[in-house]
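Lettered A, B, C and D in written order, each chain numbered from 1.
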Amino acid sequence: MSIHEECGVFGVYDPAGDCARTAYYGLYALQHRGQEACGIAAINDRELSFHKDLGLVGDVFSSSILDELGGTMAVGHVRYATTGGVRRENAQPLTLKYVKGTLALAHNGNLVNTPKLRTDFEYRGGIFQTTTDSEIIAYAIAQERLHCPSAEEAVARATRHLHGAFSLIVMSARKLIAARDPWGFRPLCMGRRGDAVVFASESCALGAVGAKFERELDPGEIVVVEEGEVRSLRDNCKGASSHMCIFEYIYFARPDSVLCGQSVHDARRLAGRFLAKEHPVEADVVIGVPDSGLDAAMGYAEESGIPYGVGLVKNRYIGRTFITPGQQSREQAVRIKLGPLKSCVEGRRVVMVDDSIVRGTTSRQIVNLLREAGAKEVHMRSSAPPFIAPCYFGTDIPDKEKLIACNYSPEEIRAMIGADSLGFLSLDALHQIAPDAACGFCDGCFTGKYPIDV
Amino acid sequence: MSIHEECGVFGVYDPAGDCARTAYYGLYALQHRGQEACGIAAINDRELSFHKDLGLVGDVFSSSILDELGGTMAVGHVRYATTGGVRRENAQPLTLKYVKGTLALAHNGNLVNTPKLRTDFEYRGGIFQTTTDSEIIAYAIAQERLHCPSAEEAVARATRHLHGAFSLIVMSARKLIAARDPWGFRPLCMGRRGDAVVFASESCALGAVGAKFERELDPGEIVVVEEGEVRSLRDNCKGASSHMCIFEYIYFARPDSVLCGQSVHDARRLAGRFLAKEHPVEADVVIGVPDSGLDAAMGYAEESGIPYGVGLVKNRYIGRTFITPGQQSREQAVRIKLGPLKSCVEGRRVVMVDDSIVRGTTSRQIVNLLREAGAKEVHMRSSAPPFIAPCYFGTDIPDKEKLIACNYSPEEIRAMIGADSLGFLSLDALHQIAPDAACGFCDGCFTGKYPIDV
Amino acid sequence: MSIHEECGVFGVYDPAGDCARTAYYGLYALQHRGQEACGIAAINDRELSFHKDLGLVGDVFSSSILDELGGTMAVGHVRYATTGGVRRENAQPLTLKYVKGTLALAHNGNLVNTPKLRTDFEYRGGIFQTTTDSEIIAYAIAQERLHCPSAEEAVARATRHLHGAFSLIVMSARKLIAARDPWGFRPLCMGRRGDAVVFASESCALGAVGAKFERELDPGEIVVVEEGEVRSLRDNCKGASSHMCIFEYIYFARPDSVLCGQSVHDARRLAGRFLAKEHPVEADVVIGVPDSGLDAAMGYAEESGIPYGVGLVKNRYIGRTFITPGQQSREQAVRIKLGPLKSCVEGRRVVMVDDSIVRGTTSRQIVNLLREAGAKEVHMRSSAPPFIAPCYFGTDIPDKEKLIACNYSPEEIRAMIGADSLGFLSLDALHQIAPDAACGFCDGCFTGKYPIDV
Amino acid sequence: MSIHEECGVFGVYDPAGDCARTAYYGLYALQHRGQEACGIAAINDRELSFHKDLGLVGDVFSSSILDELGGTMAVGHVRYATTGGVRRENAQPLTLKYVKGTLALAHNGNLVNTPKLRTDFEYRGGIFQTTTDSEIIAYAIAQERLHCPSAEEAVARATRHLHGAFSLIVMSARKLIAARDPWGFRPLCMGRRGDAVVFASESCALGAVGAKFERELDPGEIVVVEEGEVRSLRDNCKGASSHMCIFEYIYFARPDSVLCGQSVHDARRLAGRFLAKEHPVEADVVIGVPDSGLDAAMGYAEESGIPYGVGLVKNRYIGRTFITPGQQSREQAVRIKLGPLKSCVEGRRVVMVDDSIVRGTTSRQIVNLLREAGAKEVHMRSSAPPFIAPCYFGTDIPDKEKLIACNYSPEEIRAMIGADSLGFLSLDALHQIAPDAACGFCDGCFTGKYPIDV
């Protein structure tokens, strides 16, 4: 898979202190949402300090850095750069001084009216030192704050100018403010741990720091924590339909997270069940492509009655520094990442479930690997429908020319990847994989229809 | 789990060159056998060069280092230090000059007559710069070589002095020599890729480099590769019973490896089936502790008919640099590593399968985590029998005072970890988990009886 | 000595390209002006790229980084942080996007109306991500540019708002603009190398890149380089008296630099001559404290007729990572930095010349070192007058309570440092040490009288 | 200059502890003798620990590493690799276990019978893991120790087999042993600080740690420190003539060191005086090439009556990471390293004194630099005679084909470097520059005649 989530955010207020350390563990739980850069900003006695850099959470922070940061409040961020390259300058939280003091700002999502906003500020003499949306949001807040009685009100007014996806955590010297866009594109939840209040992109990060999940923020909602008191501002809640990214369930989120009331693992398993109904096949074993195809494979096996097997083992050590094989042997790259289980697939008709197909290259390599290991037939099932349009709201699903399903029919794709059969989850079924979710969905990458103009 | 394998070894002869790069990918596949240090030595035109350091394969090597190493032969090593601390000096392959030129040496295992051998060499004026067995083996080879017509003969004679576990790869300017101890404690296999010959601790490393598995080396066998020709020396093969470490199947090896003809994944699944027969229980779901408990959990589910579920999700990013929580919150460390899947366990009677119990601390934390997530009952099953004795052959299974099963009855252990029931795999069943294995086993850590005096 | 210069700047236009490499060598020559951080920004085909970090020039840049930067224009900066701590965020050049495209900005100096300017921008909704004056200057330029026909005109108008010291290099996609404050506090010169135009804080950096010194910029002057054409804007030249920092001659600048027509080495030697006239003493040898006291010591020797000797040898390897001895042995720190030459001082009456006295601690240690080495008498001479006031224009000469000469009489100071006699250069003489300089001077740190309100 | 010293050694016994820190400061003072690698080994309660790596002392050691090392004894080493490449494995002190426990070994010098010794040990089954002489010495000690009552006796016997230069410090669990070869090629002195005993390659390192110089070790002498008691073994003292490297005075040693009773600075100054007598010239100013030509230039000025001037300023920041200019601009490399002082040399006849001429390349560049700066005439004087033979005793003075004076006459060399005149110190004068030295000299690199067969 080559699709990436843009970011993960985390915020914590805890009068007992050591909030930077709490954020560290929270970011560890959100690391799958961004592996290029990370950062934590903390408040001690109304003073802001921060540390951020390129790299994984475990590499960027040391125990002594966390001790120095301390904090009765902290905000953290993990980043994957959809645009602008891998620049240290773009690491977040963005920290700044403005007319009312200091702010730290962490943002997950992507705005669609960035060029206009940026131009507006530039025409008022603004300067931009990063290529992040966060800097634009910061300007918007700073400008609104000039005419506003409070930081949260400035956030409320500023976010009204923002079109697109934002799950935002803003920290001033005294307040921790979480805000979610009115369409609810990206998840953002809150929890409690004693007197502490915690915000995170996914519930798995609440669990990691021992906090109890309380609820998802509503689309458009702003929650303010000030000296332990929690207030909700709902002026931006449109009350209308929400549009959470449905691909969060299929791929982005961690399986042990619960988004909008729906277990991610359960959604994936259900996707597998629907796949089995929509694309049944006679086979001997169902296997998943680790990690994100495993749950759907289990669902497929359950529904179809075909035994579930472990057909591919993932190398757990391949990280950012891995040297990919050269041109002549790129076909073999998949061998290093995935080891086939011969005793599982040899001489068998195999159903192979993966989360999606972007370019088809990886799928082809995996099919080939299974055949080499002796699979008699390989039937690929994708627990997502075909991608036919890019994403503008915080992921890097690419342009149409790079999406195989924009350019080839399913039968052509099947032939290209060398599978005996190929089935995608239908759009109908897609909308049924999250029955417990108390929200609507954005399925723009599968339909080309977006909740707002792009 | 806190048990570690000592090492992994890899060797390759390939007239096409670029052997260091092949070794790099091979070591990636063996990284689970040792994460403290690694190294590669290569031969180009009979000249030895090498690079080794503390750290993971991906951190120690860069593309330019691999290019410089090149090689028509290479030997690689990943190391976990059972003794002697984490010292850069102990990184392997050991490289040296002796009377006949250069040698590089990579060793997996542990000798039991180290003190005597060391003293012998010291009394002949030897000096030791590391604390590894490899240096002792090197001396043994160097001394034998004085009276031997060939390097392989020197290896053969030298290894006769060695009591204990060794899977060894030795590289001279012209020859690649693989040797396995006469008891067959540690695995060592060979494969081919065109004209290339490859040796590795586990078959998964053969697959990773595109080589075809040929066979396991026999206990006591020495295989020599010289200018493409492969010869086997079998003088040290005792012909008697062999004693492969049975815990390789349960925990150390990668599930996609085949050791002595037995699939590791299948052995684990079978262990789970036996567990279900020996320790049945009424329950609603069977879950495994990732990663090494998953396969056995599937087997338990199959045999028992209780549905298999995903109850715990492992954080994939926790590595060497992870800062563990302080004393007061150590109980919570497990939360960061494992996320419980509430929808899977809530209100249910859960069978939780793990590979083994050493001190019991982690098991207690996991049981507690599942209860917090709402499990009604937690029944723990260990796919290994209780540890009652240390290992002297290349793993760090500790002394008796640290082994919970040496000091408490199963019922006491159950109470300590807070489970509703607890079952260990029996010794009888243990010996049936690898029906395809063409070898005998060492089960010393479970019985206190070792194949050789310790 | 514990006085530091704030920064050094370098700019180059060269149609032949490779300007980042030229800047690299230029910054090497200016490294003495700032050792905490450095950076280079370059323009290729109107695109800006940059690299900056904490550390010395030699550590921050690699050959491949310089190759990537390339550049037909480049601006570079070395930084010592007088305020705001050692933060990577404050490394320069500052790079940004504004209404007319990209800018890179490097600044040496310190503004005295920073708080007011910052507040002004904040009250217009500005946000500040660093604690540098450069960011304020950037805002000023961006705001003026809204109503200005050209970048250089915006620089001209913006700098009219700036009170204090600035030697500034600004680079847009097409132009390289150098500006010096109307008081001429900090040096800034230009030179040529074929078609290339070079700007630098000191002439030594011109020589280092093979450029021929052309002239110092006039106070208030702005020089614009655009496609090889050089224009001078002189609207901000007040024509009135200039005020170059006179301490540049005594301590900051490199001896092989020529500032405003005056050789730094010659000025120091002359200071020594005046010292000999003002504070003669019977002695056997004159020695200098390396490095900045050596030239004055030679002058003292020449004027007095007392032989010049090498009495102290400096350890050339002590850098940023040096671990200073603990509290109990701090007195001995000086031993590691300076080695006394016994054969030079033993049994002799020694005149020891240093550049200045700030707190007196180091002087006391050096006097003590010389006595231990056998000096019969130690007569200290300072080639600067006593510091009696802080500097507000780009150096870290501290507040009055930390300046020994604010709190003690010369005789008290002599007793505190343990010298047999002590003499400071007079203010009168100070103003005669740079007879070739075509400028006036700021001597605020010696008089408390500054050219502008502070 | 491109001649390097091989190494520097340091040893300390101090019952008060913290010896690793003392060694750290001692190595800082010896850093000029080797900048490629360094290390410290320490004894605490008879246990050996150590730390060593490639890099400068300031980069390799941190305060926490020094704290961990502690030590009531320590031995340290700085290394420049004359042979065998820059390999981490070759960093010293060499640490090892042998029949009687642990040893640490630091060595300065070079043996000429290395091949024979190595072969001897190899034929007894020895293995070599480094390419250093130290490992051979260690073997020699280990073998002798088998038949010896004490470590010091083993050192005494072992060193009898060693032909060549060695200043050696050996540390066992209880004893600190310093040994100097019978020819006295390399310096080695001892000092005291209270109860502490200190050994060092040069006296400047004694001063750096606050120790009082006691004496140089005699050629062949072995000094043993055991629980504070100091004993001297003189069996290896030949009583015959000694042969200290005379180039130590001219170039290698630090000017504030005293070697064999002779101040290095004074020797250089005297060399300058002789140069003035042997090669007088009418000129306006005498300048030295920093740093090692400065002292001789002062001597030349004093003797000749021509004023001494500062004509070249050295960039103090150019270190190992410096990126040298590419091929086309190599001629300009010298500009970055040396800044000419125009006001000193312009329009003048300049005498330029440097320590020696190896290939002539650098001299040519400097002459050119001075002419560009306006020098009317440049008269070069070398304070060493012409090199006509390589050094086999611990420096990298190269083979004859690379020595300009082996292939060209002085007049040809003068023309090649572009000087108006050129004068070398004569061999006669060379032998008079160290009148206070209580030793004879090796001048093999100037005469081709060595004290022992090579």
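The criterion applied here is as follows: a contact is a pair of C-beta atoms (placed from the backbone, for glycine too) under 8 Å apart; a residue touches a chain by one contact, two chains touch by 3 or more.
Protein names from UniProt, one per chain: A, B, C, D = Amidophosphoribosyltransferase.
These numbers were taken from a predicted model, which means no experiment stands behind them.
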{"item": "Which listed pair, A-C, C-D or B-D, duplicates the contacts of A-B in over half of its pairs", "value": "C-D"}
{"item": "Length of the line joining the C-alpha centres of chain C and chain D, rounded to whole Å", "value": "35"}
{"item": "For chain B paired with chain C, centre-to-centre distance based on mean C-alpha positions, whole Å", "value": "60"}
{"item": "Rounded Å distance, chain A centre to chain C centre (Cα mean)", "value": "49"}
{"item": "Chain contact graph, described as a line, ring, star, complete graph or other shape", "value": "ring"}
{"item": "Of chain D, residues touching chain B in the complex", "value": "88, 94-99, 103, 119, 122-129, 135, 138-139, 142-143, 145-146"}
{"item": "Of chain B, residues touching chain A in the complex", "value": "21, 24-25, 28-29, 31-32, 35, 56-59, 61-63, 66, 204, 207-210, 254-258, 263, 265-266, 291, 294-295, 298, 308, 310, 312-313, 315-323, 325, 329, 332, 335-336, 339-344"}
